[in-house]
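In what comes next, chain A is part of two complexes: it sits with chain B in the first one and with chain C in the second one.
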Partner chain A sequence: MKFFDRLEKIDRRIIFFLVGLAVIIPLIIPLGLPVDITGPVQDVFDRVEELPEGSIVVVSCDYDPGSEAELSPATAAFLEHCFRKNLRVYMMGLWPAGPELGNLALESIAPTYGKVYGVDYINIGYRPGGPVMLVSLGRDFTDLVRADYAGVPIDSFPLGRAVKSARDIDLVMTLSAGDPGVLHWIIYFSARYGTEIATATTAIMAPQQYPYLSSGQLIGLLGGLKGAAEYETLVDKKARAVAGMDSQSIVHLLLVVFIVIGNIILLYQKRRK
Partner chain B sequence: MSTEIGVWIAALLTLAIYSFLYKDNPFYKVAENIFVGVSAGYWAVILWFNYAWPNLFEPLIMRGSVIYLIPIIVGLMMFAPLIPRVSWLIRIPLTFTMGVAMALVILQRIQGEIFPQLQATFLPLSGVSPMQLISNLLIIFGVLSTLVYFYFSKAHRGVLGVFAKLGIWFMMVAFGASFGYTVMARISLLIGRVYFLLHNWLQLI
Partner chain C sequence: MKQTIPLIIVFTFGFFVIIAFFIPLRVFQDASQTFETWYTGVIAFFVFIGIFNIIKVNVNKIQRKLSDWQYSIILLFFLAFMMGAGFIGGPEGGVFDYLFEHMQIPLGATMFSLLAFFVASAAFRAFRARTPEATLLLIAAVIVMIGRVPIGYYIWKGFPNLVEWIMSVPNTAAKRGILFGADLGLISMALRVLLGIERSYMGGGRE
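Presenting the complex of A and B:
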């Protein structure tokens, strides 16, 4: 069959072009496909809902610009929820660029809820040292954190000394793109100090988190852009993640078609031989 | 269209990188080399200001704590293989690093990963809903059969063979899930870049 022979030798740039179109068109002309809420995302939302006003949430931005597309929407949606619930936010990061990226979301969302830096939220910046640092942080926050991300002494802020050890933290949300990240928080912080951990991870990392969800070591999970879109839907602040979901669905559909066609060609080749 | 210079630079570099999809070209090469250079400079600054200066040189130079000479000397021993006569010195920092890492990692891995994960496979098979029972059985058989597959001291025949085969099936499902999520992740990154081009740069959406 000439048709299959032609498909077999198709220029891969045509596939790139089709994938590009499948991303661009739904972004310009949204389809409004529904975003279903999955259990692990609902669990994170419910836990935040249960926290009393003034609770302290550590938001650890453990990512860099390479995974910004997946994790910044989750950061924004989660912060939106925290401020709406009047929770106090401690932002930090195990990756150098993480707190800077998180700060963009903090600076745009906090003022809309009338939140004041140093009173309702604070950014303590990049915390190097991985496992050793996390163990020390949980034992004695004050010894390790002496200044915020801009180098201003932490004692000059009312919120600066609200956390003395892991006991004062009600929830840790780690937005994780790899190592160090969620696994470090589970093993070196939660297992030692018993603090609850929620996570938003890149989609690649998401399947690896299910055993920790199953064992109760994680209270919930936002997996990739889809998880962020679900959280945006839950907090009723549809933004970048929800906008990307139409494209995501159309591309997935296209890839399924490609896989089916590829397998048909493979079967045809086998029969011909 | 954006009037910010930073947005323009980011947009043009994005397009230069994506131009590789058509074929290799000078624009791609320029963007690639800029990325490598900027990354190297960025990490040099990060390592100096977050590790070397606050943890070593600042206490040594500004506070005169001579005890910090010890980590400097031990650190320099990492370069010992460059001089064959004293290459054995590298064993000292390596042994120290391995000792600390093992003390930290082994205990915490057992406490934070192995025990809780083992505990999570002790699941009830009675007094639960039918769906929960199926879920629990899947976890128990999934763990056991996958472990059996990695048991190499006996030929995978008979009951052991059936279990090992079941283990392969469970692993295939896991690999399939991982592949699906990987595709999703890559497309999400593409969406992020296209969104940036359409929203921040061209301001079409």
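Presenting the complex of A and C:
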């Protein structure tokens, strides 16, 4: 059984090559696999549907370029839904690069719905301070937010003047890649001021959110690129996330094959001993 | 004195914020708001400390010609370049925006994407069912991996529901246990810091 011995010592570059193929081929030749909708994603969609026109939604981009591939599609799909429902978007970020990334989505989507900066949406940029800042922000926005991300006084915008405290916020959507992020919004904002929180997280963070989902502290969850693909399907705007689902499916399948082969090798080694 | 003054500051401000949380009197709320505003101001200075630290570490590396010191030159050059582009052109439009969109985003995404390749290699070599507990973990992992992607739904329509059950019941139960334990530890550590029992954050040791 030299085959198993040779298989165990397989060059990892062959594994990398196979993963590369599993990513690239479905992107070139899409399989068109159906995207099922899970409960936590449906809950976010339904809550946004229930909000009356003109409601203010805080979209907090708490991620950086490393998580862009997973969270930017979720940002875009969520903004699409907000603007379609004529909700007002108040963008910010607990990570320095987050609002910049969110702005790319804002600038590409808002004009298609004829939305006006400062009236229908605003970006107040990076807000340092994590938990303490969130406690302070919820109590009095005007104390912390004096200007938007470009340095223009916040009072010069109707939407800037409309938000004085957490009471003026109808929903917070945090697109979270770690710390500070969704956990801080739950503990230091929602628990204190009662504001509803929804989240889109990286796939690796999604399991950590389930205790908060079951306790009702989170109204819904978009987990990883799959969550974004589900939301794209719900808002009927299939884009990057849905396009990436075929690749992700094949890579996951390949990983399972690797795990099975690895365990067959283990069984063979045990028997030989 | 080097330790007594910081201890007094920590005790006073820490307990004041806790009291303000439980007693909704305006005087406490206003003072607490002021402290929180100071805190966000102090946090903003951490950015400068971070920049000074990165310059110091990399200049030291270049001077001593430590391993891969050439990369430190590139890092310092682009640190200065990005800062200059941001200060001169502003955050919107111009060189800063172009570099962020066309360099920082793809580079960051590339670094994160590399994980997929290493996870695949680890899946082959390390995900082995050596014990009953490891076998259980492995079976759950395989179900979640397949059920979380559209191909799982394509293979069997019940996969996503099974995954939701794993996430909502066993995963939530385990996470809750871990969270309770960690949070009790956090509370006791916070009390130790506030009461001056834990002093390692100041450099450790007794006065």
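Convention: the second predicted complex is superposed on the first by the 273 of 273 C-alpha atoms of A that agree within 3 Å, B and C clash if a C-alpha of one lies under 4 Å from a C-alpha of the other, contacts with A are read in each partner's own complex, and residues count from 1 in each chain.
The rule is short, and it goes like this: contacts are C-beta pairs under 8 Å (C-beta built on N, C-alpha and C of every residue); 3 or more make two chains touch, one makes a residue touch a chain.
Remember, it's a predicted structure, so these values are computed and weren't measured experimentally.
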Label the relationship between chain B and chain C on chain A in the superposed model as either fit or clash. clash
Pick one for A:216: touches chain B only (first), chain C only (second), both, or neither. first
In the overlay, answer first, second, both or neither for which of chain B and chain C A:253 touches. second
One more residue to check, A:27. First (chain B), second (chain C), both or neither? first
Check whether chain B or chain C contacts more residues of chain A in the superposed model. C
Which partner chains sit in contact with A:264 here, chain B, chain C, both or neither? Use first/second/both/neither. neither
Would you sort A:190 into first (chain B), second (chain C), both or neither based on which partner it touches? first
So, does A:243 touch the first partner chain B, the second partner chain C, both, or neither? first
Report for A:119: first if it touches chain B alone, second if chain C alone, otherwise both or neither. neither
Contacts on chain A seen with chain B and repeated with chain C across the two complexes: 16, 19-20, 23, 66-69, 128, 132, 135, 203, 206-207, 211, 214, 223-224, 226, 248, 251-252, 255
If you look only at chain A, which of its residues touch chain C in the complex? 10, 12, 15-16, 18-20, 23, 33-36, 38-39, 64-69, 97, 100-101, 103-104, 125, 127-130, 132-133, 135-136, 139-140, 143-144, 149-150, 203, 206-208, 210-211, 213-214, 223-224, 226, 229, 245-246, 248-256, 258-259, 261-263, 266
Where on chain C is chain A touching in the complex? 29, 33, 36-37, 39-40, 43-44, 46-47, 90-92, 100-101, 104-109, 111-113, 116-117, 119-121, 123-130, 138, 141-142, 145-146, 148-154, 157, 160, 164, 167-168, 171-172, 175-176, 179
Hey, which residues of chain A end up touching chain B in the complex? 13, 16, 19-20, 23-24, 27-28, 66-70, 96, 126, 128, 131-132, 135, 186-188, 190-192, 202-204, 206-207, 211, 214-217, 223-226, 240, 243-244, 247-248, 251-252, 255
Can you name the residues of chain B that touch chain A in the complex? 21-22, 46, 50-51, 104-105, 108-109, 111-113, 116-117, 119-120, 139, 174, 177-178, 181-185, 187-195, 198, 204-205
